[in-house]
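Next come two complexes built around subunit A: one with subunit B, the other with subunit C.
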Partner chain A sequence: MDTSAFDADNSVSCRLSSIIPDVCKTEDCCLGIDEAGRGPVLGPMVYGICFCPISKKEELKGLKVADSKTLSEAERETLFQKLDDAKGFLGWALHILSPNTISTSMLQRTKCNLNTLSHDTAIGLVQFALDSGVQLKEVFVDTVGPAEKYEEKLSKIFPGIDVTVRPKADSLFPIVSAASICAKVARDHVVKNWKFVENLADVDTEYGSGYPNDPKTKAWLLKYLDPVFGYPQFVRFSWSTAQTLIDSKAVTVHWDDDEEDGEKAAQRLANRSMLSYFSAPGGVTNPTQTHRFFTERRLKSLDTL
Partner chain B sequence: MASKKKRTPNVQNDSWVVIAADSAVDSQRKDNDPTFVRLRNPATDAASLYMLSGGGGNLQLYEVKAFEEDFRSWFVGQTVQRDGRLLFVTQMDPLFLMLPYLIKSGKEGKFQRLDQMVMDEEFPACSGLLSCTRSLASMHHIADEKEVGSHKFHRYSQEKTMAWLKKKVEKTVLVLKKKNISVGEGVKSSSYIRVKLESDSSKEDYLGYAHGLISEYINKDLSKDLRHHLQLPELTSPKETEPASKKRKLSDKPVEALDDYTKFNSGDFARKPPKKMTAAQKNLAKVDKSGMKTMSSFFSLKVKAEKK
Partner chain C sequence: MSCYSSVTRVDASSAGKALREPLHLIPCEIEHNGPAQISQYFNAAMKDRKHEKTISFRGRGLKGQELICPQGYTGLVLKEFNKPSSDQEDRTLKVSCVFDKLTYWNLENPPNSDDAVVMAMDWPELAEAIHGAVED
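Let's look at the complex of A and B:
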């Protein structure tokens, strides 16, 4: 698999796709969605779709695609090659969400949680297939969050398409298994080829599985914690593992949307107590009020440096 | 997520981010580096920071203002600076700082030598004001002058000072207009960018605003006198502008309900279907609420939070 488009700039998200087989544009098709790398604190999350004409479902079974989790890396690689070789009737597309995208989405002012991010990515890929002219009739999805809600959401967005959301869909429907293989292979490639934009000299790649509970991963996270900047972009800052380490080991950083106790924040901002508005006027006028030219511009005189 | 971060007190800085005119920091002679001095602020009567710069008989006074907002830090070269302030060093007329001393001495009504008037035990650096290039040459704006032999003597003149301050206000008005600074009463935010030019700001708005700005550099009494001199209306205190508290109207007529609530008493009222939500309400309902607190949680007892 060629992931060079993403490797060139791994701070943003990237879409990769096969050519769209001509039969998919004329015949009714089914589509499977699955993701890889949802849990790790390191590396990207990859969403994959696979689609083929409904009439070719049996042929897909012949490729013996199975749940990617039961396969070794080498087996996945060969299976992906088989899938990619079936260009005549099978198409795929991937959306690689860089760890940086995940961090910034989840930590931005209007928080976007991982489920929303996952849903939006899946929806984007289905839309991509539709826009490419694939005649979608059936969509199979491995669930994220409660299956019924997700199914309802997808059915509403794509009326006329039969949406099936099931937990463990990747072992139930071959088209979802195929999607899961594409996603997994892409994630493996990207992680292996990861180029750190940070100047880390000879970076130690012994970070284990990348999952938060892996001791190797934890040790790596401790090793590469910068007191000021935190982590390289390879790390998902929004993961509690990363956050806890940053909170305890790195310099404290305050943002203006940090949660703070109402009372304390008010005190800090020197706000007037609500009660003061109810007392009799007079006596509260500030004798040395700075002109609004300065207060509006946050300018003040200093008495010392 | 809700872990509370402790704020460590700001440690003393050894560097600052400063914006200053080249002329303020490029002194021709090495022995005359610009120096920060603490002088008496004429408006507050307390210490404020100023800068004296420029050697070789060309000493200038600068005031130091800090742009300060919460949650700001600097990246400077390869370092991080915790103090996110931006200091502005801007030129200032030394007469403003000398005025309080002259007014004080002026009460005696005698002509005096400047170096006898501009003295301050608390701020000995104030004698440096006399060396400023503009000081001696512009003393006639605020004081009567008398020359005896080679010595010059001065006496504070309220009349001259008012005329001088009026000119300052008028000059400020010109700058305010040129820089398109909104001076109207209703405008609260300076960051709000208006599409249409403000044509409704009256001459008086500008005068009042400029008077307020100049008042940042003179004491309260002088500010009051200047307001009078400019024929601006007296400032209304917030006490007067506050609306009178509402009192229940008393009347002899029998009290009658304004709304008829009985129509809601019929049985079918309760079974009315809920009203359709507006587009805005629908959008609100769709917002990702995970991690948000309920409104009621803000009103619970404080004790629990403190124990954490």
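Let's look at the complex of A and C:
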């Protein structure tokens, strides 16, 4: 799989896709959706879709796709190659959510949780298939959240399409297994080829699985903690594992939208070091009130440092 | 309050030796005074596209813009190398960095002319109008 389009700029998200088989534009199709890399604190989360004519479901079964989690990395590679070779009737598309996108979305002023991000990405991919002319009639989705609500949401957005949302759909429906293989292969590639945008000398690539409970991942997170910047963009800052380490081992950073105890914040602001220039010694010590012109510009007259 | 018998001086001669480094004004308070790996983590990751600079710091998205010092002015970063042990002693600040522009960053919002630091640059012109010598 060629993920170079993402690798070229891995701080933003990216969509990759196969060519759209002509038969998918004329025949009624089914589509499967799955994700890879939801849990890890490192690297991207990848959403994958696979689609083919409903009449070709048996042929897809013939490719012997299975849930990507039960396969080895090499087996997934081989299977992806088979899926990609079936371009006469099978298409795929991927949306790679960079860890930086995950961090900045989840830590936004108006926070966007992982479920919303996942749903939006899945919806975007289905829309992409529709916009590409795929005649969608059935959509199968794997989910970790409550299936009914999600199913209702998707059915509303895509009227006329029969939507099935199921936990573990990747082991129930071959088209979802196919999507899960594409997603997992892309995630493996991206993690393996990760080019740090930061100018760090020879980064140790012993990340482990990227899951917070993996000892290798833990060791890596301890090794690459910077006291000021925290982590390179490869790390999802919004994961509690990363946040806990930053809170305990890096310097504290305050943002204006922090949920902070009011009294503490007031105390801290009063202790702030002055950064501006000084007024003449012996000048007015307590100006009664500063004009709005100055407060709006955060300008202060200093008589002491 | 400090005692008025002590004087704070800026050692102007240090300006000649001062560094000219890219300067960033970040919309958060970092409880750290000291060196940081700015070129490795910040400058290297900064993106400058279509007149919009973007970066993330600690997982938060920032948008930035270059800001030029008002004409006739030079920006100074002052540093006190020897802190006096009591508030009776005079203090001397040295210029550790000089700049004629800086990059300021907003949390998520694109920079605009209503940002405080942009508006602050109005002051020198206004100050001149208010306090400048009147010619007749």
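The criterion applied here is as follows: the second predicted complex is superposed on the first by the 278 of 305 C-alpha atoms of A that agree within 3 Å, B and C clash if a C-alpha of one lies under 4 Å from a C-alpha of the other, contacts with A are read in each partner's own complex, and residues count from 1 in each chain.
Note that a contact is a pair of C-beta atoms (placed from the backbone, for glycine too) under 8 Å apart; a residue touches a chain by one contact, two chains touch by 3 or more.
Please read these numbers as outputs of a predicted model, since none were measured by experiment.
Trainee: Kindly classify A:Asp256 by the partners it touches after superposition: subunit B alone (first), subunit C alone (second), both, or neither?
Mentor: It touches subunit B and subunit C both.
Trainee: Touching A:Cys112 in the superposition: subunit B (first), subunit C (second), both, neither?
Mentor: In the superposition, A:Cys112 contacts subunit B only.
Trainee: If we overlay the two complexes on their shared chain A, which of subunit B and subunit C does A:Ser177 touch? Say first, second, both or neither.
Mentor: neither
Trainee: Please work out whether A:Glu296 is in contact with subunit B alone, subunit C alone, both, or neither, and reply first, second, both or neither.
Mentor: Touch partners of A:Glu296: subunit B and subunit C.
Trainee: After the superposition on A, what does A:Val197 contact: first (subunit B), second (subunit C), both or neither?
Mentor: second
Trainee: Taking the superposition on A as described, I'd like to know which of subunit B and subunit C A:Thr304 touches: first, second, both or neither.
Mentor: A:Thr304 sits against subunit B and subunit C alike.
Trainee: What is the contact status of A:Val228 with respect to subunit B (first) and subunit C (second): first, second, both, or neither?
Mentor: Touch status of A:Val228: both partners.
Trainee: Starting from the residues of subunit A touching subunit B, keep only those that also touch subunit C in the other complex, and list them.
Mentor: 228, 252, 254-256, 268, 281-282, 285, 293, 296-299, 304-305
Trainee: Show which residues of subunit B lie in contact with subunit A when the two form their complex.
Mentor: Subunit B residues touching subunit A: 1-8, 13, 16, 36, 38, 41, 43-44, 46-49, 63-71, 80, 87-88, 181, 189-190, 209, 212-213, 215-216, 237-239, 242, 288, 290-291, 298, 302, 305.
Trainee: Show which residues of subunit C lie in contact with subunit A when the two form their complex.
Mentor: 1-2, 4, 7-8, 27-32, 36-37, 39-45, 47, 56-61, 80, 91, 93, 107-108, 116-117, 119-120, 122-123, 126
Trainee: What part of subunit A is in contact with subunit B in the complex they form?
Mentor: 110-113, 116, 228, 240, 243, 247, 252, 254-256, 258-263, 268-269, 281-282, 285, 288, 290-294, 296-305
Trainee: List the residues on subunit A that touch subunit C in their complex, please.
Mentor: 11, 100, 103-104, 106-109, 197-200, 226-230, 232-233, 236-238, 242, 246, 251-257, 268, 272, 278, 281-282, 285, 293, 296-299, 304-305
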